[in-house]
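In the two assemblies presented below, chain A is common to both, partnered first by chain B and then by chain C.
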Partner chain A sequence: MSVATMTMRPLILAAVGAAALLQPVKADPAAEVRVTYSNGQFEPGEVNVPVDKPVIIRVKNMDAKALEFESTSLRVEKVVAAKSEAVVNVRALKPGRYEFYDDFNAKAHGALVVQ
Partner chain B sequence: MLATLIIVFREVFEAGLIIGIVLAVTGSVPHRNSWIGGGVLTGVLAACIVAASAGALSQLFEGMGQELFNAAILAVAVIMLTWHNVWMASHGRELAGQLRTVGKAVADGNKSLLALAVVVGVAVLREGSEVALFLYGVLASEGSGGSVLSLAVGGLAGLVLGAGVCLLTYSGLMRIPPKALFATTTALITLLAAGMATQAVAMLERANWLMSLDGVAWDSAWLLSDRSIAGRALHTLIGYTDQPTQMQLLVYVTVLLGTFLLMRLTASPPTARGGAAASERAA
Partner chain C sequence: MQTPRRLTRRSGAHAVLAICALVACASGTGAAVAEDASSWREIETKYVFGFTTGSGIGLEGEKEVTVDSVGRFGKRDGHYAATETKYEFEFTPSQFIQIEFGALGSSHNIDAMTDLAARNQLAFAGGFAEFRYLAVERTSNNPLSVTLAVEPTVRLIDETSGSHVNNYEFETTVNADLELLKNRLYAGLNLLYEPEVTRVVAGTQREATIGGSAALAVRLAPNLLVGAEIWYLRHYDSPTLSDYTGDAVMAGPTLYVKFTSKMFMTAAWNAQLLGHEVGNLSSLNLSEFQRHRARLKFAYEF
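The block that comes next holds the complex of A and B.
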């Protein structure tokens, strides 16, 4: 047991050290867009964003039920509680159409259009 | 009802796999059921609390509370899994291949069971909070009696299917001969830990707390999408992601190598034990 206890300590120290190194990083000025979710639909359904610039998507959920803002191509997945707003960070993107959807509601989807 | 079933099952699936593995790992250890049951129960309670405070949690750390919370609990699970492996390496060496005696060794140190119970709790918490949010949302928006019934039926069916995954995983692993089981579960736990570490990295990347090496290394979605059922299973088991970042790969390899080295360093050398036994005989 003593051996295991001894190995536990450096493990925890390493984890704490790694956590201390982490800091919120200031990225390049990001483009900010808003998407509102109400009555089970995203509005607007298509959002234009600039090329090669990080994007901050503010998702506002007006409905009384939680949604999961998800996109495979954007690599995001985030629960937005009922009647609340959430921030989703997206890295700088190449031109194209990036679909997103509500994982809790198959009918709700939209897209980021990067151009 | 079918939508409820699918969503609940999808969330319960991952927890089911993990609990199945932990059940196999702990084999015939006495009291393991109460430890694992305790982990599940604590996870469910914590999931409800997290779901209820999802809005508030989200607002922490400039809107990145959810991501950082997930990264933190995943990190705890990684530490627990790694510690379990190292503990088994330092205690199980002379008992390797003898499941029952390994079981006894684990029973001697309830700490290892506690570590695995924590892992189970974390798995249930992560998946359960999403189920709770989803179900609560449906209830809040459609209060009619009919929908409540179909919600209950769908949710329950999803839960039962998830339990089925857990049982299948467990019984599949128990078919492995005891001698190979120890090596198999060690490998599984190590891969599980590495996979969880990469998920924690993904969370930190989403929060913009980790920006270095965040380029996507490859895209294998054409081969196996991580949204497919096989992709999801591999995602849980070995951390498969169809678009991993370089940092995720780096952390993955680091956890694998780190576990291997730690197990090597702490493994009780058989020769030393033989020597101790000989000197005991001499005395």
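The block that comes next holds the complex of A and C.
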């Protein structure tokens, strides 16, 4: 084996190792749920999702004014423009009830029920 | 003619009435006290306990600017009033981490004191950063929430004397809180370890403060919490806690008012109830601590 090959070998191994580390880790697939906002109310008012799985909430705003999807316990907030859709990503959750609401409308609220 | 004591009592009553009126106006609470708390939105607990910090870390993507002033008043003799104000930006990059940083401003109004030079100054006092990690999260099945926080701070102005220094502090805290009654009653608990190094012309001083606090906050209305807290603090002339110099117990009321969904204020006042200085038989520890401290913070989220 040449000196050059011996010198290169650790570098190649390091590069392969780094490339392996950079490969995306196969994450637990997220549970996806849809919530529609219409006439100032969330529909459905309660959404069931599984325990310990990340959650993707697709919020579709049917109303003619923007809403702010917000939740203290989910620790997320997202403004959804009028007549549009937004995605809210939530970490894997422990069992329980997680309330959400429209921060622009005191009467609009719902809940994610994790079980 | 009124006696000073009666005057003080009357002034105190006026102050309480004024605060109550302000709070009622600011939060528009009126009849809300009788409301059913189960319909209220959950509240962020970080600032509801006064000097005690709750476990909240905000919402992912949320940003906040705040002005947070702490005043310290009264030493053994003379006149002593000092403030330190944080001009702060905080944000929550993930659902578990919060980062804050900002600049410090200070004021010192000191006169006729035995151990401190007379001074009347305003100054830029340094900068700080804070990193908070939510270690235990509250759910509807678990009322406890715990956040671990570290706050490195560089000061160019000594907090107590107002003189020019190079001070490096590394505050480490555990911020826990418990929801005792859903949306209504909260308990807060802090543990503190705060080592610091100060470089002055005469040399280097190392010291540390450790302590803990307990607080209760009751939500009288959706946008109004009042409460009380108690702190026990011990001071050492060593970061390894080997050279104890004194302790103090401080306690007082707290107030949190949310003006809008994006704007709030918190206020607190603590008086030193008990204290001890090594080598000094006087009551209270007024060397490392003060007779009173007050906090006033305004924040705007966006």
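Heads up, the rule we're going with is that the second predicted complex is superposed on the first by the 88 of 115 C-alpha atoms of A that agree within 3 Å, B and C clash if a C-alpha of one lies under 4 Å from a C-alpha of the other, contacts with A are read in each partner's own complex, and residues count from 1 in each chain.
Operating definition for what follows: a residue touches a chain if its C-beta (ideal position, glycine included) is under 8 Å from a C-beta of that chain, and two chains touch if they have at least 3 such contacts.
These numbers were taken from a predicted model, which means no experiment stands behind them.
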Which superposed partner A:R91 touches (first chain B, second chain C, both, neither): both
Which superposed partner A:T72 touches (first chain B, second chain C, both, neither): both
First (chain B), second (chain C), both or neither touched by A:D102: neither
Touched chain A residues, chain B compared with chain C: B
First (chain B), second (chain C), both or neither touched by A:D63: first
Touching partner for A:A81 - first (chain B), second (chain C), both, neither: first
Residues of chain A at both interfaces, chain B in one complex, chain C in the other: 72, 75-76, 78, 91, 103
Residues of chain A that touch chain B when the two form their complex: 1, 3-4, 7-8, 11-12, 15, 19, 22-25, 27, 63-68, 72, 75-76, 78-84, 86-89, 91, 103-104, 106
Chain A residues touching chain C - in the complex, by the definition given at the top: 70-78, 90-91, 93-99, 101, 103, 109
Contact set on chain C toward chain A in their complex: 41-44, 56-62, 92, 95-96, 137-142, 261
Residues of chain B touching chain A in the complex: 3, 7, 54-55, 58-59, 61-64, 66-67, 75, 79, 82-83, 86-87, 90-91, 109, 111, 129-130, 133-134, 136-138, 140-141, 202, 204, 206-211, 214, 221, 225, 227, 243, 262, 265-266, 268
